[in-house]
Amino acid sequence: MTARICADHDEAVAGTADGATVLVGGFGMAGMPVDLVDALIRQGAMDLTVVSNNAGNGDTGLAALLAAGRVRKVICSFPRQVDSWVFDGLYRSGRIELEVVPQGNLAERLRAAGAGIGAFFTPTGAGTPLAEGKETREIDSRVQVLEYPVRGDLALIKAHVADRMGNLVYRRTARNFGPVMATAAATVAVQVDRVVETGTLDPEAVVTPGIYVDRIVPVERGATG
Amino acid sequence: MTARICADHDEAVAGTADGATVLVGGFGMAGMPVDLVDALIRQGAMDLTVVSNNAGNGDTGLAALLAAGRVRKVICSFPRQVDSWVFDGLYRSGRIELEVVPQGNLAERLRAAGAGIGAFFTPTGAGTPLAEGKETREIDSRVQVLEYPVRGDLALIKAHVADRMGNLVYRRTARNFGPVMATAAATVAVQVDRVVETGTLDPEAVVTPGIYVDRIVPVERGATG
Amino acid sequence: MSPRTKDEIAAAIARDIADAHPGGAFVNLGIGQPTLVADHLPPGSGVVLHTENGMLNMGPAAHGEDIDPDLINAGKVPVTELPGASYFHQADSFAMMRGGHLDVCVLGAFQVSATGDLANWHTGEPDAIPAVGGAMDLAIGAKRVWVMMTLFDKQGRPKIVPECTYPLTGLGCIDRVYTDLGTFEVGSGGVRALELCGISAAEISARLSPLAVS
Amino acid sequence: MSPRTKDEIAAAIARDIADAHPGGAFVNLGIGQPTLVADHLPPGSGVVLHTENGMLNMGPAAHGEDIDPDLINAGKVPVTELPGASYFHQADSFAMMRGGHLDVCVLGAFQVSATGDLANWHTGEPDAIPAVGGAMDLAIGAKRVWVMMTLFDKQGRPKIVPECTYPLTGLGCIDRVYTDLGTFEVGSGGVRALELCGISAAEISARLSPLAVS
């Protein structure tokens, strides 16, 4: 199925099941698909597992999803930030599970899911509390930890421009987790600044090929052209 | 050390030691760094292990390196081609070793070398003669084979344009093994169609960041500008 | 109905791809006969072709002035680029394949077993030079992997077999086989004829014996 | 010579990076004090800064109209882009790091052990929310990983210790520690003072005891 341009963000997150694992792009607010997360709040799915680098900032976007009580578990590298009070409160009162994963292992586990890699050995985290209970092996005189893929049912990402076939380019460091998450979820919804005609993007510069993209929403209505 | 523009191809392959493992880019002739391979023949290193998708075409480039008796072993996915008579003769007379690796596993093993991944489980090849003697494990109801990184002492690749910091872009399907091989070798030499001033390439469209590149040669003298 | 020509087999595959994927599909066509499938895809099918040497939305073969040595398919034939194309390196291209993102892959074969094992890379002859290319990656690298081949080899021996005698390319990876004499499902349920062309069910059963064909 | 200020420590690190890499270097500066190093790099040092959220050739912090919310560093501070920059996604960025392509990484720390273990991500307090970010990747992700910190904590306890009591970030990954009171090598050879600032060798030995400082 090639990518579909959605009428609005609600259409892009329609059908998300209770208990789904949702990958949410962004590093802080750069690349954070705020409008799609807002749509997911309206959509109402419960008991979600959210995979994202952070655990929400301020009171909007991912923080609002958490505040609405929709999230059972967060898998992330860096929940604690100056403005992560929503997560902090839920965590301290035992109302949310947390799996902390080193940022590079998180990215590589997402890539592995998208790339059909069953598991991989990485030196990151070896000998630390985050590798406790995990299989290790010495390879090349270095202790390495066996890590498994992280897959999503849905990925919500933000890109800069899409063409009508779903090819994506990003903007600067807002690229961050978008391209790997786009490969790692059964359904991939993307909010973009604008949609252009197919053939407009330079084939050499496409970062996420359309094969990975299912649903596209331009952030502002009318930003299709 | 940032990338250096070399005066000629000989400078780009200088210092290659006997017994070195050399990664050679290209899929057939697309992306094949013919001028660098010719320089390696002149340079004279013996007893090489060559890692490349194919094992030479016709009588030039990689085939000429093989014909010169410089190569002890070839690691590749597809040695046999209509015009691989040089390799075929050496192989049939027992004068060259061959390790056949599925193309995707070869690419992933090169990536693993560049990405600091100690080993990975892949479903490709499971149950086939190419997985004989390798460790396997069932993951996600699928038999997977443990594969290890393939590293080079030297990589020879061909790109389209470089800037003076070594950032590279490629041309169409000539991109093939270049970007992964560039990450997987201690020294990376690149022949390019031209060198442009730093700041000319679009930072969003750089495929191989300059950190991976050591030596650059424009194919035609004077193609620096 | 007589046995199918290569083009008729390709047309049947093209039609089945289009029918099964009304919203478009991402497809890899193996080297050789499977490339014929591209010529039979209905206009507007939305099928996007992947070539494992690093491209999506590959166009037809290039001729004359359109030939660009940097733009080739997995069979090293010069091809063209369609609007919406993208290029990527080998690790990304095989990640796309291994990760199960392609809808259909069509391959040639020496043999397919009743349980869907594939042998298509090596005749096993002692002096043959082994060369696998992307065959093993393709075999496990799509949601559905189909084979296009003649049902019998030049010596008249069946190519759908109880167990492959040639070296394997992949285990239990094939679910459908398109041949000159019909289309067959293979897999955990054994061999089932979906369609026969120019041959009776009785004759198929006799010639594929001891395989049971339902 | 008196104890070094943060800027003096940063200047010492910047000088050592430039001296050790006359042809330029690829460097990652951790969140917090290590970012000061950038301000002290000599003109023309050829140092290219990596930020693990996906960029090479990062420029100084952005101000006023130059602020672009899509262009931030790992500390989420708006930054600028220098000519020759490139952007890449998280898997590629950490592949670059884990693969050992960076020359130097400079990190802050709670504790460094005599053998080079690093503790810098978690105080281990029971109600603290664990947050690691890229710390563990950075700790093992450069040819040389250096620490910039005060030698003693606010309670006066040494931060170079026989064995880390805080949860570890990485094992044996640090080879040099730059502090207000001097620069130290750590690793298999134990602790060695390369330079002392405003403190005598005898006093260092006494205050780091039972650690042996050579």
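Labels for the chains are A, B, C and D, by order of writing; each one numbers its residues from 1.
Throughout what follows, a contact is a pair of C-beta atoms (placed from the backbone, for glycine too) under 8 Å apart; a residue touches a chain by one contact, two chains touch by 3 or more.
Quick caveat: nothing in here was measured; it's all calculated off a predicted structure.
Chemist: For subunit A and subunit C, which third chains touch each of them?
Modeler: Correct list: B.
Chemist: More C-beta contacts across A-D or across B-D?
Modeler: Of the two interfaces, A-D and B-D, more C-beta pairs touch across A-D.
Chemist: If you average the CA coordinates per chain, which chain's centre is most distant from that of subunit D?
Modeler: When every chain centre is compared against subunit D, the largest gap points to C.
Chemist: So the centre of each chain is just the mean of its C-alpha atoms; given that, what is the distance between subunit B and subunit C in Å?
Modeler: Subunit B and subunit C have C-alpha centres separated by 29 Å.
Chemist: Centre to centre, by mean C-alpha position, how many angstrom separate subunit C and subunit D?
Modeler: The separation of the two C-alpha centroids amounts to 53 Å.
Chemist: Go ahead and note the Å separation of the Cα centroids belonging to subunit B and subunit D.
Modeler: The mean C-alpha positions of subunit B and subunit D differ by 34 Å.
Chemist: For subunit B, jot down the residues that touch at least 2 other chains.
Modeler: 108, 111, 115-117, 122-123, 170-172, 203-204, 207, in rising order.
Chemist: Where in subunit D do residues touch two or more of the other chains?
Modeler: 81, 87-88, 94-95, 97-98, 141 - these are the residues of subunit D that touch more than one other chain.
Chemist: Which two-chain combinations qualify as touching?
Modeler: After working through each pair, the chains in contact turn out to be A-B, A-C, A-D, B-C, B-D.
Chemist: Can you name the residues of subunit A that touch subunit C in the complex?
Modeler: 1-2, 4, 111, 113-117, 163-165, 167, 183, 198-199, 203-204, 206, 209-212
Chemist: Quick one: in the complex, what on subunit C touches subunit B?
Modeler: Answer in residue numbers: 51-55, 68-73, 76, 81, 87-91, 93-95, 97-98, 117, 122, 127, 129-137, 140-141, 167-171.
Chemist: Looking at the complex, which residues from subunit A come into contact with subunit D?
Modeler: Those residues of subunit A that touch subunit D are 27-31, 53, 77-81, 87-88, 91-92, 98, 100-108, 110-111, 122-130, 143, 170-180, 207.
Chemist: Going by the contact rule set out above, which residues of subunit C touch subunit A in the complex?
Modeler: 21, 23-26, 46, 48, 50, 56-57, 81, 83-88, 94-102, 141
Chemist: Applying the document's contact rule, which stretches of subunit B touch subunit A when the two form their complex?
Modeler: 108, 112, 115-123, 137, 139-140, 142, 144, 148, 169-172, 202-205, 207
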